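To keep things simple, chains are lettered A, B, C and D as they appear, and every chain counts its residues starting from 1.
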Amino acid sequence: MGNMQLFANPRYMNGAATNPDAHAYAHAGAQVKKGLEIAKKLGAENFVFWGGREGYHTLLNTDVRRELDHMGSFFQMVVDYKEKIGFTGQLLIEPKPKEPTKHQYDYDAQTVIAFLKTYGLEDDFKLNIEPNHTTLAGHCYEHDVVVASKFGFLGSIDSNTGSPDLGWDTDQFPMDIKNCTFVMKTVIEQGGLAPGGLNFDCKIRRESTDLEDMFIAHIGAMDSFARGLKNAAKLIEDGTLASLVKERYSSFDQGIGAKAYILEHGEPKLISGKQEKCEAIANYFV
Amino acid sequence: MGNMQLFANPRYMNGAATNPDAHAYAHAGAQVKKGLEIAKKLGAENFVFWGGREGYHTLLNTDVRRELDHMGSFFQMVVDYKEKIGFTGQLLIEPKPKEPTKHQYDYDAQTVIAFLKTYGLEDDFKLNIEPNHTTLAGHCYEHDVVVASKFGFLGSIDSNTGSPDLGWDTDQFPMDIKNCTFVMKTVIEQGGLAPGGLNFDCKIRRESTDLEDMFIAHIGAMDSFARGLKNAAKLIEDGTLASLVKERYSSFDQGIGAKAYILEHGEPKLISGKQEKCEAIANYFV
Amino acid sequence: MGNMQLFANPRYMNGAATNPDAHAYAHAGAQVKKGLEIAKKLGAENFVFWGGREGYHTLLNTDVRRELDHMGSFFQMVVDYKEKIGFTGQLLIEPKPKEPTKHQYDYDAQTVIAFLKTYGLEDDFKLNIEPNHTTLAGHCYEHDVVVASKFGFLGSIDSNTGSPDLGWDTDQFPMDIKNCTFVMKTVIEQGGLAPGGLNFDCKIRRESTDLEDMFIAHIGAMDSFARGLKNAAKLIEDGTLASLVKERYSSFDQGIGAKAYILEHGEPKLISGKQEKCEAIANYFV
Amino acid sequence: MGNMQLFANPRYMNGAATNPDAHAYAHAGAQVKKGLEIAKKLGAENFVFWGGREGYHTLLNTDVRRELDHMGSFFQMVVDYKEKIGFTGQLLIEPKPKEPTKHQYDYDAQTVIAFLKTYGLEDDFKLNIEPNHTTLAGHCYEHDVVVASKFGFLGSIDSNTGSPDLGWDTDQFPMDIKNCTFVMKTVIEQGGLAPGGLNFDCKIRRESTDLEDMFIAHIGAMDSFARGLKNAAKLIEDGTLASLVKERYSSFDQGIGAKAYILEHGEPKLISGKQEKCEAIANYFV
């Protein structure tokens, strides 16, 4: 995260890659074409597709398959044009499950990975995870960061937060030290985020009307991630939690896993998941 | 749905395909092996994997990638053994997002399709959709039925319902005519469900303590789907809704779609989504 | 609902009755004062307080008790001024749980009734229920309509709908016949809504961009409530469901209820709630 | 929390105070009668009514008003009998919004306060808040603790936690330092909880199968509340946050509040809510 980076975050015509109107689709394509040319000129290292409205409002008027096929073609054209002009930045898709649409096709990390694999795009795109979108999809804050990372798709993070008791996106500044710790743990474990990074795509709350609130919010959020990074580094250096996880799966390292299903040894004995111990260990570093 | 079918719905050891203990994994494998043998002997036409607990309770003690790799191997062994013994029934996976786990890997239709494609299993499995699981994943009742169908993965339906204002699975008998209509519309559009079918994996409510409640519930639910089927048939025969949808995408049928992104025609004009008209049309048949 | 009515729906300064700034509070008070004067002049029969933002965004900066006390004083001043100028319309409060606030004090029907009783305002206000707000509060569509009615507080209905799988307010036109039936059942049971009524505080979806969509939406929604009214009338005339409910509580009509707690008769036998039968009966009229 | 306390937590027949069957109601009454006698004999200082199932599964078979009237009578009998036998412990009601019912009448703190005021019971009962129930009702973790406290109803706390991304009650051990800090802040501000206290009505996770997990969970949770108490004490001693809140409402302390609504001073100027500053201050002590 120490590098200078240039992000191009094309919102083109939100929703146009799945728009039922070919003219809107073409128009959005032209916008992205221009965006790629500018990105190349400026030396952008990341190019984030934040579709935002690539979804439906009612299934009654929607041909889901056709829209996804259109979206697949759209991104294939992006890949082709990127190669044609020699743009070398990383392409990324940012999942979001809904709002303003009732259902967005880029629902969460696993759904976008499914889309990429279905349309043969998995080698050309990574994911830009925004954890408040993850919580809107019904998962815990760090879920998509972890899932994307473990399958090699974590390219960058919009490090916003939402309010877990609300059902829409508030794009607040991240202030929860525990959440920041778990995100940074994954970033360290995958060896950093470059050329991506932590991006604050946040806004101060509507009621925060002083100029200084802009500064306080950014400082408070950076401090939260700084504490999260330090906590995560200590948690990893300590090694207790990692050992516990490794030990949990150790019976698979003894040759039985691969041949497992032909065997039968009576009722297997219970092995504790030790969730409370893991939580207490994590608390030690938070 | 008029055919006799035999479903084998192995719950084996719920969660064991992702259990960190190799002995539990092996034990579950042995159960499934036995299940496949019995299914073959009885001539089962469907074999549903209802994992139910293939997920995690906390990311702190979990190696997500390893568990998914284990699950992938597990299902590969199933495919191998199925071929070895010559069992010809359809294998199916039933998505559910959570409960009792905090996160289940078979979250929804798109997630399971992603899993199948990631582990090269997409030619061997279809999906058994239970719409109350779909609503727990944050989608509308018929979403996963539609998505699975449009991508060729809809194999069977557990036709339960939940209560949309609750966050857990109530497995109630389906009694909403509109929901039943939308499900049957998809079934008709894909030309039927065989060898799958509509399965009532429901239970009467805890407070329904009379013997006759069992009969009333089944009759009421069958009547609901019968009305749904009739409604859907009329809706499709009428053709108004289908025309409206076809018209919506018609600009893509005129050659512009494929070449879209090189073109630019100024701001595209708005084309109404006509959601309220679609809803009113649908109401005419409900 | 056949009467001409004039609604005054003062949004004054949304949130100002609980605003920490006395000037904003005073400003909102002046707006409402003016509103009451105009309402009197025009002969308004209803005056709805749709606070909308009377709540908090974080408990950290909020004195909950003080804000509720301010809101209580605010409404007391409204009652005083109403009497002073001789305005005779019905005052109403419209519950909503959240959005854009994190928590709104007018959470749902029971919460507003609590507020009114706490501040001695229960004789001066009724409720204007908007069922999509009810679903945002975690209840089923008709819950607040029923609760408000049974406690004598149902004054009027904003007959919008939301999407039960979304966590924010979409203010859609009501198109679900079953929901409309259950709302009208309550309206008939309490002998009508006058001087209130069914108000469409809806908007067509953003994608509905044709002029005719405005007409189709209103017609489709009125038709839905018309069908709901007819269904509810038949359901009530039929009497089966009402008999079943009456029978359920009949043991309390035999003198045992009042003296219940001094008695003990061994384990009481189970009496079925017959939910599925009730649902099937209701379906017969939908 | 240093005092010895005896809690009687009668589950009697969950749901029986609103059961449509008078015999079940009478039976539950007899159980509570016995419970009160035992509580008196043992010198219990608290008597918690954890109704748990006092609600409905479908409005179709339910007379909401009658059930609430029955519940009101039930608790009035409790108060009468308590006085008759001279039991001096504090009576408490524990709110929960749902599960296993679709809707429980004791939805949240404000709803229970409404119920108590409606039935004239507000001088005889306090609330036992379980924050994971609060989150199920759609509020943030500490909301009901704060609301109950500010209206003089906070009697005791079941200090469990849930998982904010799940829709059912997991009764986990509280391990979130920030949540514990905000709860203890309220407890300190109201001058302690006696005769109530912090009660762990938690269970270890199903996967935590070692005996030591019981100890680790209790220790980890007590440590979390101990850290929360220390953090809250420092936060309060520091005074910055309290000053900021006091300042926010200060314009009401200058005489304008009471006379507010007759005044008008043009558009009031914006006063920042400073949410991010409050969050950053709080983080300094977490």
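Going forward, a residue touches a chain if its C-beta (ideal position, glycine included) is under 8 Å from a C-beta of that chain, and two chains touch if they have at least 3 such contacts.
Predicted model, so just to flag it, every value in this text is computed and none were measured.
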Chain hops separating subunit C from subunit A, counting only touching neighbours: 1
Label of the chain whose CA centroid is most distant from the centroid of subunit B: D
Between subunit C and subunit B, distance of the C-alpha-averaged centres to the nearest whole Å: 36
Separation of mean Cα positions, subunit D and subunit C [Å, integer]: 26
Averaged-CA centre spacing for the pair subunit D and subunit B, given as whole angstrom: 39
Of all residues in subunit A, the ones touching two or more other chains: 57-58, 98, 102, 138-140, 163, 165, 205, 207, 271, 273-275, 279, 282
Sites on subunit B touched by subunit C in the complex: 135, 138-140, 163-165, 173, 175-178, 204-205, 207-210, 213, 216-217, 219-221, 223-224, 227, 270-277, 279-280, 282-283, 286
Complex interface listing, subunit C residues touching subunit A: 57-58, 98-100, 102, 136, 163, 165-168, 205-207
Subunit B - residues contacting subunit A, complex: 20-30, 32-33, 57-66, 70, 73-74, 77, 81, 97-98, 102-103, 107-108, 110-111, 113-115, 117-118, 136-140, 142-143, 146-147, 150-151, 182, 241, 244-245, 248-249, 251-252, 254, 256-269, 271, 273-275, 278-279, 281-282
